Structure formats: C-alpha cells, structure tokens
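Next come two complexes built around chain A: one with chain B, the other with chain C.
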Partner chain A sequence: MVETFEQISPADFFYRNRDIAGFTNPTRAIFSSVRELVENALDASDLHGVPPEVYLRISQEDNGGEEGEVYILRVEDNGSGIPARHIPSAFGQVLFGSKYKLRQARGTFGLGGTMAILYGQITTHKPVYVASSTGTSRTYEYKLMIDIQRNRPIILDRKAHVNKTRWHGTVVEFRLEGDYFRAMPKILEYLKQTAVVTPYANITFVDPKGRLYRFNRVTTDMPPPPEETFPHPYGVDVETIQRLTKITDCRNMLDFMQKHFQRVSERIAHGFLENAGIGKKKNPKKLKPQEVVRLVRKMKEFKDFLPPRARCLSPLGKDLLKAGILKELKPDFIAVCRRKPSAYSGHPFIVETAIAYGGDIPKAGDIVVHRFANRIPLLYDEASDVTVRVIKSINWRTYKVSPDMPIAILVHLCSTKVPYKTVGKEFIADRPEVRREILNGIREVARRLRRFLTRKEHVERERRRLSVFSKYLPKIAEFSTELAGKKQPPDIEKLLKSVRRFE
Partner chain B sequence: MVETFEQISPADFFYRNRDIAGFTNPTRAIFSSVRELVENALDASDLHGVPPEVYLRISQEDNGGEEGEVYILRVEDNGSGIPARHIPSAFGQVLFGSKYKLRQARGTFGLGGTMAILYGQITTHKPVYVASSTGTSRTYEYKLMIDIQRNRPIILDRKAHVNKTRWHGTVVEFRLEGDYFRAMPKILEYLKQTAVVTPYANITFVDPKGRLYRFNRVTTDMPPPPEETFPHPYGVDVETIQRLTKITDCRNMLDFMQKHFQRVSERIAHGFLENAGIGKKKNPKKLKPQEVVRLVRKMKEFKDFLPPRARCLSPLGKDLLKAGILKELKPDFIAVCRRKPSAYSGHPFIVETAIAYGGDIPKAGDIVVHRFANRIPLLYDEASDVTVRVIKSINWRTYKVSPDMPIAILVHLCSTKVPYKTVGKEFIADRPEVRREILNGIREVARRLRRFLTRKEHVERERRRLSVFSKYLPKIAEFSTELAGKKQPPDIEKLLKSVRRFE
Partner chain C sequence: MNKKPKNLAAEKRKEALKRLKKLGVRLYGQMEKSTFPWIKMPSRSTQNIFYSPEVRQYVLGDKMVRRSSRNIRHIRPLTQLIWAAYFARDLAQQRKTSTLRDVYYSAQAYEVPFKDQPESNSIITDLETVMGLSREDFKVFPEERSAIFGDLTIEYTVPGYEGKRLNLMSHPDGMMIGPALTSAEFVKTSADMVIAIEKGGLFTRFIEETVHKKYNALLVLTAGQAPRATRHFIHRLNRELDLPVHIFTDGDPWGMHIAMVIISGSANAAHLRELTTPDATWNGVWATDIVDYDLPSDALTEVDIKRLHDLRKDQRYEGDLWRREIKKFLEIKKKAEQEAFSRYGLTYIVDEYLPAKLEMTD
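Here is the complex of A and B:
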C-alpha cells in the first residue's frame, strides 16, 4: 500500500475544517458570518477614527418554491475602504489582510470575512458582491468567487464608478444557507453587546421579516486608535530575530536593540547586551545561530526591561464603558474599573471590568456575564472561558451578593494578542497573568457594589422602621388623647420626624 | 492612514497562532510534540498492517552551562516509511501530507508533525534530522529547516545509504525548548492510555533521566485497516460536487451518482435523480450552478439513501479494547460495548465504550474518564468534552455507583471526521448524534456493572450473615450441650452448611 501525498491550500484547509473557524452548522454559520462582517466593518471605521455607521440586512432569498433557507447578507460601513487592487484578495483569499500587525484589532486571523464568503459559496454557489472606495474619485464594484483549491479569487465582474460625494466605506453582499430563526437570539444578543462596548457606533439591523433594530450612538467620542508597535523583548522567539536581522539597516547590536524593540533605551540596551555577553558593535546580520538562541533566552531572563507599552492598546475607558452599559442595561447602580496595563509573554494587555445592578438586568437566578475581547462580545463556550471561571471562584456572599439579584458583570480584555483557544474566537485561555488581572478588576467593582448594597439595606431597614412608627403612632396618639381627656391629638408629623435617623 | 495588506503563508499563520495548535507554552509544547510524533508513528504502522514498534527518547541537551531547558526528542517507528522525494515537504511544510482522505486516521490536519518541528526551530534554531525508508534498497537521511514565511523546507543535507536489511520505517530527531518535568505526568498518562487503545503495539520510552518505560503488546492481532471511501450524499456541499464534476469521466448523472458516492446503487440513483428532477442522461460536466445547488439540497433531503458505510472506520473491537484495559488497569470487573455504525452530517462514526471496576483503578472520589478519538487519548479540556458532559448527565445511583468506588469509563469515538473543536485535538464538540451514541453505549456497560455490583452486594451480605452464625453457633451449641447434660456438642459445620444459601 503506497501513500499518496499532497499539498492543500490554506483555503482548502479551512474549507475542510470549517468547524474550527466557527462554521459548524447552518445556525452557527449565519451567526459567525454576521459577526465576522460586522467586526470587519467596525475595525475599518475604528482604526481610522470615524464614528462607525454600520448597516446590516439579512433578507430571505425568493428561490421560487425551492426548499432550503437561503439568506442574503449585506453589510455596509463608512470605514476607510479597501484600495481597488486589494479587493479581490481581501475577499477571495484566506490569510490575506491588513491585520498582521502588533496593535489591537477585532480581527486578527485574516480569516473570518473570507470564511463567511466561502461558506456562502459552498452552500449557494453564488458570487460575492463588493463595493468599496477609499474616498478617492472612484468607487469600485466586484463580483468574486473563491478558487478554494488554489486559494485565489476569481474575478467575475469589475466596474468603476465616479465617486462625486467622495464616499468612503465598503459594502459586502452575499448569499448563504443558514438557519436565521435559530440563530436570531444570539445575533440580537451579539448586536446588543456590541452596542454596549461600541457606544460611539450607529448600528442598524433589518431582519428577514423587515423589522428594524437600531442601536444608536450616545457619544461621538472615540477611544484613541491604537498605534502599531514593536515587539517587546519578552515576547520574541528565534524566528522574530531572524526576520528582523534580515530587514534591519542597523550596523550594530546597540542600535538594533533600540530600533526594533519597544521600551529599550540606550541605557537598557547597554545593560542587556553586557548581561547577555553579546558584543555591542556586533553586526546583527552576522549573529551565529547559537548567538540568536542565546539572545532570545537572555531577553526572556533579563529583569531590567520596562513593561510593555500600552499605546498599541485601545481600551474603552471608564466613561465609554459606563455610557454603553447605561444605554443598553439601564441599571440602578454601576461601577467600572480600568486596570493598569499588564503583560503575558511579552504581549501587553488591559482588563476593564464593570458591575451593574437592577434596572433592565434580568433576575436570572445567576449573575449575567458579558465577556469581551478587543471589543468583540464572546457568546459561545462560556464554561471554558477564564472570566467565567474567575467569577465562579469568588465567594460572592462576601460582597452581599445572592444568586437571585439582578446583577451583570462585564469584563473586557484588550490585547495585541488575545489568547483565544479557537480560531472561531469563542473563549479565552486561562493564563495566570490574565486571570489575576480579571480577578482583581472584578473584586474592585464588587467592593463598590457591596457599599451600594449595604447602603440600600440601611435605607430599606429605615423605611421599614419608619413605616412601623407611621402605622402605630396615630393609634397611640389617638388613644393617649382619649386617656388624657383631651380633644386634639398631638402632631404626629413632628413625632415621626424626631425618630427619623436620616433623610 | 493607509492600511498595508499582505498575504501570509499557512506556516506563518500557524507560527503566529501556535496556541490554537496546542503549542501554548514550554509544557504544552513538549507534550504536543511527543503526541504528534507518536501518532504519526502509529498511523504509519497501522495503515499498513504492521504491529507497531515505537521508540521514543527524550534527552536533555548538554548546552555547556547555558540556561534554558533544551531537549532532544527522537521517535523511531517500523511503519511504511516516506518516499524520499516527499520527506522534505512532509516535515518542512504545513498542510502537506497523506491524510487528506476519507478514512479513519489519528492525524487529520496535516499539521501536527511540522508544527512540532517548527516549534523546535523557533526555540533552538536547529535543524530536524529525518531518516526513512519504504523498504527499498535505499534509506535516506535529511537535515531540514523550515522557511516559515514561504512554507517551504530548506534542505541542509541529504544522504542515501544502502538498505541491506530492507528496513522500513521513519526516524525523526529534533531539539526543542520545553519543560519536561512539568509535562511528565501528562506524557506518561498519554503513553499509558495509548497502550490501552493500542494493545498490539510495543511502545518504549526513555526519559531524560534514562529511565525506561515499556508498554508491551499483548496481542499481534490488529484491527483491519480502514478503507478509503467515497463521500456519502448526506455529507457533500457544492464544492465537493464541483470538484467531482471536474475530475469525473462519467458521461451521465446515473453513472456519476453510483461512481462517486458511497452506497448509491443503480436503483437508488434512479430514484434519487427522479426525485431531484435532474435528468439521468445529463452530462455532469454540464450542470448549471443552480442545478448543482439543487442536487446538493436534494441529496440532504432524500430519505432512501443507505446509512454511511463503516468500512472506512477501524474501531478496536471488544476483544482488543478488553485486552488493553486488562493490561493497563487490571480491574476486577470489565464490560465493553461496541455500538452499531451511525452518522452525523454524512460522516460515519462508531462509539465504543467500556466500564471497569476495582483492581489498579484509583478511588479518585469521582469516576475516572478516559476519552479517545481515532485511538488518540484526549487529555486536555476535559470539562468541555461531550463524553464528560454525558457522564455528568447520568444519574449514577440508578446503577448502584457511588463516587467513592474505583470506576473507570472509556469512550472511544471512531470517525472519518472527528468533530474536534480545536486544531490541538483537545476535545470533541457536542453533536446530538454523537452524544446519543455515547450515552447509550455508557448506559449499556453501566447496566452490566450494576448486575456485577448487585451480585457483589449479595455475596457480601451472605458473608456477613454467615460470619454471624459462625461466631455465635459454637457458643449456642456449647451452652445447649451443657443444658442438655450431654458431653459432646453437635457438629457446627453441618449446621453452618444448612444455613448457607449458596457457595
């Protein structure tokens, strides 16, 4: 028996293993498609400082009495647009994109959008329609399909139009088989939670029955866009160094260290190279394999590097987080916390937490948990997620919280590299550094909730005490008046006021 | 702000996202490397009907006082070997392999082996050494590295030797940074569980301290190797049909249906094409896009297709499963069950279950669960796995099982497509069809355990009853003898025998 060997393209790989990218069945597929396209739309606006206007429409295809649920998915945004020459690859090729950078973005795999279109193609055999402009004098329209075996776009049609209004943005429309009505609760929950962490966005959704859902912005303040950054010495491996030495124009290691890594000053570079036993004047292109290995190892061990810089991160900030929660959950009480930047294996991250009580929050019999990573709501595989594990590990009675209270906890993790455990971005791995920050963040807001609940309890107790007085004092007064043989009972209000402890 | 776009290679993609392939940290990395290489070794023997001889050695690199834990990992097998021209790509390229087929194999992603080598390269900057022969007159040796950015092997050295003994097999050796001593428990557990489901294999492991672990075969009977199969009509999509119409030499749909799909007879093909409203004489190469879509849809709806064939599956069978468990767990009681073939979305699968009691099984305070998929032990992310969820959903008191009993449950899922949720093959998704089979399989063996426990209880009760008699009868006899004024007490043994209910 002879084995036959073959190479498959990455598109073919993800086509065969689409479960791992979140395209398991018709329900998950339509959810994942919505999610990937909405995230691309928001990224396109966010990274360019434009308050997003996202329009999503799902309509049912009239397929002349044929069976099967085919939907038309359309997403429009007012983002930066895609240069014409990149449109075919951006939508017709996997592992092609603009997101392979060290900065925070929703998308990171360069996979999701194309996977959605690929799923549409293998279920309906129809092309995708894309229109885009970067705000130049032209808009471009494409009709594309994907050559899965070769991971190449097939251009079926291409048109250029005059762009009088200098519109910029992208429109994507394609057909896919799906089960919208099963996916509906998750899609609506996804949009609602997206509105919570993107309070500066207008999101419009028209569902297959023509119903309109509007998630309006409450502010046009946007968090400052993340900057692109250099790798931190703690997070590099041999391959990173190899690639850097290939492209560098530095002639010596002292310059090399300062130019290609974040937070390495001349002083630190001196100290480090001495410690590592690598010559400061050594040409980086002439490092021997063994020296590269030592360099990496010493980078991980050296104690005097500054912690990673957080400018490549773009947390929401307390005000925006609060605004988002108030808008969507209308709670009676809210506490938010933004932790200081931290890092795991050289990747900077920031945790933001919030706790909300009462209002529109349901009494679910358990704490409602909203998980976010780089402004993406995570809705699946909750039990495996680090946030849920942390919440379960807390003794909530310490914070006067009982399971029947209407409480919601939000945790938002921002990082240049979110430690997702799946390509479908369903849940976050349990890294000790991340776990610690989440735990401390939740504890902080939980303490503030405890103060609120304690005060609430006092007020409640007082109300009850007073209600006893106001019930019996009139009787006592009446009775006493009678006993004393007087006509007029004394003024109860004065008496009540005297027992009131505080207003 | 202008976005820069780029295409990355699949090797680069998995390098950047190695967490999702199971290479999260030095502990996981060494575990995953062992696992991937051992699985490739077993696959190479299994698919060729040779009882496997696998030799695994992990030794510590003497790196002259440098810090960091570098290990040398060596795996040897007696499998089919790899043809010389494919060696560089098989070890120096991701998504290249012989496993993209419809049949059961341990590996399925064509990724694991190369990922292990890639991890070794990015942590130690050293090449991999490979020697292999398919049993011809030559063996070939290679020294390779991976060009990650281009997903191409770099051949550093290549040698051919005369193969007098006609040896066939493969030897792989490479260096990687790892944390062996943290990974050790999982590695030993992995090898032990592998021995349970591969009782026809000899596995030898030499650890970094030079300790020898032997897992000896107890049989040379091997399960029949799985056959390659055609897709089942329930499991196809538009892309599959497109690819088939490209390569087919059938001139009409009636032949096309019979030739390229499993379990489609002429009668069924007739019935189906009529039902689908597609001409039997139609040339498959001339199907219009709309017809391809209809064909796929009708295939999913048509009720008269036979269930998928299980010949592409290779379950262990009751005897081998029993032998494996007896060998490694030495229990007092064992029950095994092999369910009939079933299918989810056109992918055939078989579930095998076993329950064992007593012997070497620890009283863990909870049921010990061993999960297997295509003869791979799954050791991580237990809580998310369908098997563990099923076991938790069962009311074990019905089966007279209490948490303090020494009980182990084994579940083995065989399929041409195991619904893994991660590329790291950590756990299996909760598909209703799979869940049902696992539940029924566990119930069946649990019922047999209940009979055993009931009988054990009877025997125990009887023993206690008899011990009461044998304690007091002599006293009573003595006392009665005295009372009766006799000298000799009656024969107790006879009396005891008369009250004994069964031997």
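Here is the complex of A and C:
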C-alpha cells in the first residue's frame, strides 16, 4: 500500500483540532465564540482610544426541529473598524490579523474570531455578516464564508453605504450550534469579570430569553495605550532575525542592532558584537546561517543588555483596577498593587494584584480567585494556573485569613507574550519570573489586608466589649439598688464612658 | 427529752437578709464612687480546698479571688451573682422557697440567662461562698428529696404554718425533708438515735417492722447520696438533740461513700459548714458482713475497683474501719445490697443483723 501525502491549510488544521482553541463541545463553543468576539470588540475600541460601547445579543433561531440548538450571535462595537479591503481576510482567514505586533492586546494569534465563525459555518452552513467602518464616508457590509481547505474568504455579498454620521465600529453576526443555557453561568461570569478589568466600558447583553444585562462604566479614563516596540534581543529566535535581515535597510551590523532591537545603544551594540565575534561592519544581509544561529545564542547569553522596556504594555493601573473591583464586587476593603515591569525570556511583563474583602464577595469556603491576562478574564482550568498555585502555596493564616472569609484575589498579567499553555487562552504556565512577581504582588496586598483585618478584629472586639459593659453594668446597678434598699440607682455614666476607648 | 424551739429558721432568715443587704450596700457604694463594682470571696479552686482534721471536713484555704466588673470576663458572672443575691432576697422577703431549676429559668426573665443548669448551679455556689451561708438558708433547694419517720415533734416556721406542730410519725410513708421541714424547729422527741438508710425499700421495711419503736430511733431515708438539706438535717438532729447517727448503706464503694459524705462532707461544699456529722458511724453493709453473714453477692466491676483505689487515697478514709473494709472489698472482690439479707427471711435484718451491728459501734 502506498501512503498518500497531502497538505492541509491552517483553517483545515484548526478545524480538525478545534479543541485546542476552546471549541470542544456546544457549551464551550458558544462561550468561546462570545469571548472571542467581545475581546475583538474591546481591542478595537482600546486601540482607537474611545471608551468601549459593546452590544452583545444571543438569540435562538427556529431550526425547524433539527437536532441541536442554533443561536444567532451578534456583537457590535464602536472601535476602530476595519479597512474595507481587510474585512474578508480578517473574518474569513485563519492566522490573519493586525495584532502580531509587539504591543499588548487581547488578541494575539489572528485566530479567535475567525475560529468562532468557522465553527458557526461548519455547524450551520450559514455565512457570517460583517459591517464595519473606520469612520470614513462609507460603511461596508459583507457576507462571507470560509474556504476551509484553502484558508481563504469567499465573498458572497458586498455592499457600501454612505456613512453620514461618520460612525466607526464593527458589527459581526453569525449562526452557530451551541448550548446557551449550559454556558450561561460562565458567560455571565465572563462578562462580569470583563467589567471588572474594563471599568471604562459599557457592555450590554441581551440573552435568548430577551433578558437585558448592563455593565455600566464608572469612568471614561482609559489606561494609556501601549506603544509598539522592537523586540528585545533576549526574546528573538533565528526566524525573527532572518526576517529582519530581509527587510532591513541597514548596511552594517552596528546599525542593524541599534535599529531593530529595543534598548541597544551604540555602546552596547559595540560591546555585544565584539563579544559575539561578529564584524561590526558586516552587512546583515550577508550573514551566513551559522552566523545567524550564533547571533541568536550570543544575544541570549550577553549580560549587558538593559532589561526590556515596558512601554509596549498597558497595565490597568491602580485606580482603574480599584474602580472596576468596587463597581462589580462592592467590597468593604480593597488593596491593589502594581509591580514594576519585569521580563521572562526577553518578554516584558507587569503583574497587577488586588485583594478585596466583603461586599458582594461570597463566603465560598475558600478565597475567590479572578485571573486576568491582558484584560481577558480566564475562567477555565483554574487548578493548573500559576496564580492559583501561588495562592495555594501561601500560608494564609499569617495574614489572618481564614477560609470562611469573603475574600477575592485578582491577578492581572500584562505581557506582549502571555505564557498561555494553549491557544484557548485559559491558563498561564508556571514561569519562575512570572511566578515570583505574582507571589510578591499577592504578598503585598495580603499584608495590607492583614492590617485591615487586624483593625477590623480590634474594632469588632471593642464593639463586643462595649456592648458587654453597657449590657451588664446597668443590671448590676439595678440589682444592687434593690439589694441596698435605695430608691435611686447610682450614676454609672462615668463608668460606661471610661470603657469607651475609641470616641 | 423536751426542747423549746429557738426559732433558728427565723434567725437564719434575718441573717441572710442582713448579709444580702450588706452586699448591695457595698456594691452601690462602689458605683457611687465611680469605681467598677467588685467583690472578693474565698477561692474554690482545688488548690484551695483542704481537709481539716480539726473540723473533720473539707475547708477552704486563705486564697481569695476578686471578681470585678472592670474585667470583661468577670462582668457577666458577676452580674449573674448579684442577680442571684437579688433573687434570694426576694425569696427571703416573701418567705418563699424555690429550686435550683427555678433559679435557672427565673434568670431568663431578667435577661441575665444562664448557659445551662451547671452554670446556674455554680453561680448559686458562688453566692453561698460570698454570703457564707448555704443555699438552703436563702431558700434554694435541689430537686431530689429524702424522708424521715419517727417520734419527733417539730414546729413549722414557714408562712401560713408558723407555730403549727407535727409529729413525724403521723404518716406511715414518712415525711419529706423539704424546705418546710428543714426550717422547722425541733420541739421534742423520745428517740435515742438516728438510723440513716440508703434505700427506700429498706426504709419502708423498717417502718413496717417498727424499728423506730424497737430501737427508739428516728429513721432517715437518704435516697442515694443524701441531699444537702438532709445532711444539714442530720447534722441538726445530732447537734441539737444529741442523737447518735448510724448509717446503713449497700455494701459497695458507692454505699460506703454515701455514709462518708454524711460524716465528713464533700469537697464541693468546702465553703459551707453544718452539713457534716463527724460523729456519725457507718454500720453496714460492710465487706466483712458479706463474709460473716454469707450474703448473696455480685462481683465488683472494674469501675467499682477503680473507685476503691481512689477512696484509699482519700484523706477522709484514713480511719481503721475504712481501711479494713476497703482492703476486704478488694480482697473478696464482691459487693452486696441491703436487700441481700432477705435470703434469711424478711425480718432477719431487723431482728438479727441490726442489733448486732448497732452494738458493735456503741
């Protein structure tokens, strides 16, 4: 027998392996579709610098008694919009996107939204409807399908309209099979946690029963947008160098090092090239393959590079994190911390942590953990996540925390490359550098929680103490008056006053 | 013998009222001077309980404890204590009696509730300690009651019955040793001795067999461990009427201890006097009786044996008789009930055993 060989397209590959992108079953599929579309919408408004206005609607379609429930998923945003010529590829081609840059965003792979649409197409055989405008004089409408084998969009219909209001934003609508009612708790939790890390967004959700959920913004302040940066020498691989040498217009290595990498000054470039044994005058385009390999290895070894810059990151900042938590959890106490930028394998990252006590936080019998990465709530595979492991490793009694307390911990990891374990973006791998930052961040807020709890305990004790005195002293006075055969009870106001320590 | 009643009960009542008022005046004064009200009383911790060979009972040492309302842990029990004093004063003024159970429930009406009955009982014991009086003096009685039968005329002091006399042979079941009897005065008696009996069955048998006549005796039923009111009553019979007291119990460590508590008291009552009768004697059933009279017996259980070993270390058991009997029990590893004499016929115990035993200790 002769083996047959064939090539499959990326779309085909992800279609066959949809598990790894989070489309395992009808419940996960509808959850993942919602989050991919909502994240794209939020990315588009963040990028455009306008406070997001996201509208999400899930409605049920009568599918004539066929097996499986079909839902229509519609997401509207007021973001940047997509230039007309890119619309078909953005939604009809896997691994096409605008977020491959070194800049923090929710999306990274050029996969999520398109996977959702692909899933809809294979379960319902219906096209996706997209309308978008970048705020020009036109809005564009597309009906698309994906040619899975070729990984190419098929344009079924295209219309242009006059855009009088200069509306900018995007509308995406498609059908998919799913199990909304099973996914409902996770979807609501997802939206709620999204509201926590996006306190400047208005999110509206209409569910299949016509119920309306509103998550209102409490501020229009947005975190400063991230700047696009060059890669740090510690974080590049052979492939990256080869691509750079193809596009560069630098004539020698000294210029090449300074221009395409961050934090490489002339002095450092000199030092590094000497150390690597590569000619400073050498034309980068003439690097031999083994020289490229040596360059990459030496880059990782060289000690004198400055740490990666974090301007490509966009942490939420203490105020916004606080605002988000206050708005959704209404706690009695909150402490937030933003760690200094750090890096793992050349990828800069920042950890933000928060701890909240009381309010709407349930007494779950354990600490409630909210994990976020680049402002995405992570809801699945909690046990495998580094944050959860770090929390488990802490001896909470030293912070006066007991399991029956209503406590929530939030950890937000920002990075140009979040170390996800899967493309489904559900949990973060255990990198020692990341782990250390998370641990220190949690410790810092936990210390402040301890101060709060100590004080609370104190006030509580004091209150109990006072109530004991004001309960019993008058009784002692009453009975003693009777025993002594007096008419007037003695004046105990002075005594009661003297036990009031805090007033 | 003929005695004129001294109306001891009325004196006791007056004394109790006086002391209760004094307590109130002290506390009131403290509060007027804006100090947190406090009291001081002898400590009842085990380290402060000693056996006194002179008094022949347990007594409290010199250690005092202070309960101050300034202290968050003291204020609640102190309030309860003062309430109990107030409650006792009410009882005394209205010349009423009540039970430990009543105390427990009454507190709830004043919003000084007790956690449970033991807590309430312990506050009453505190009050006894503070007052230097027993709870019966301020008319708080336990539930369990025992009885007396014999030729003793008493005069009541309880309201409604003042001056009324009664002979304690009037009722063939005996008379209950309750608050009215405990506070009564002794008028006259023809008795020469007191015989205390552990069990109701034998008490009735003694009455039927007219032991009171044959031996000129007052019969007291302890009904198991004698209540404090009964112990006090026996004490009075011994003191006021000069009657020797003989105690008959089952032949086992528990019966032996019933006798001992009547004689030397218990550590729990170390703060009280007049509950003991040091000259009373335990006349049986002894371990040696089991052998001598060849009584039907049961084997000692492990708990019995452990109890005997404990008693052996107890100071109250230092006398020769006690040592000998404990040793004998441990040797024969047997015990016998008072009813065991029935094997020789129903009257044997009265006609043969009793005279022999009474002679032995005379």
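Everything below uses one rule, namely that the second predicted complex is superposed on the first by the 484 of 503 C-alpha atoms of A that agree within 3 Å, B and C clash if a C-alpha of one lies under 4 Å from a C-alpha of the other, contacts with A are read in each partner's own complex, and residues count from 1 in each chain.
As a convention for this text, a residue touches a chain if its C-beta (ideal position, glycine included) is under 8 Å from a C-beta of that chain, and two chains touch if they have at least 3 such contacts.
These numbers come from a predicted model, not from an experiment.
Using the contact criterion defined above for the overlaid structures, shared-chain residue A:90 touches chain B, although it does not reach chain C.
In the overlay built on the shared chain, the residue A:486 is in contact with chain C alone; chain B does not reach it. Once the two complexes are overlaid on the shared chain, A:494 sits against chain C while remaining clear of chain B. Of the two partner chains, chain B is the only one touched by A:294; chain C is not. Of the two partners chain B and chain C, more residues of chain A are touched by B. Shared-chain residue A:55: touches no atom of chain B or chain C.
In the superposed model, A:167 makes contact with neither chain B nor chain C. When both complexes are overlaid on chain A, the residue A:333 reaches neither chain B nor chain C.
Comparing the two complexes, no residue of chain A contacts chain B in one case and chain C in the other.
Considering their complex, residues 1-10, 12-13, 15-17, 19-20, 24-25, 47-48, 66-68, 80, 82-83, 86, 89-90, 93, 95-98, 100, 109-110, 121-126, 134, 148-149, 225, 237-239, 242-243, 289-290, 292-294, 296-297, 301, 345, 381, 383-384, 419-423, 429 of chain B touch chain A.
For chain C in complex with chain A, the touching residues are 20-21, 23-25, 27-28, 31-32, 34, 36-37, 69, 72, 75-76, 78-79, 82-83, 85-86, 89, 110-112.
Against chain C, in their complex, chain A makes its touches with residues 465, 468-469, 472-473, 475-477, 479-486, 490-492, 494-495.
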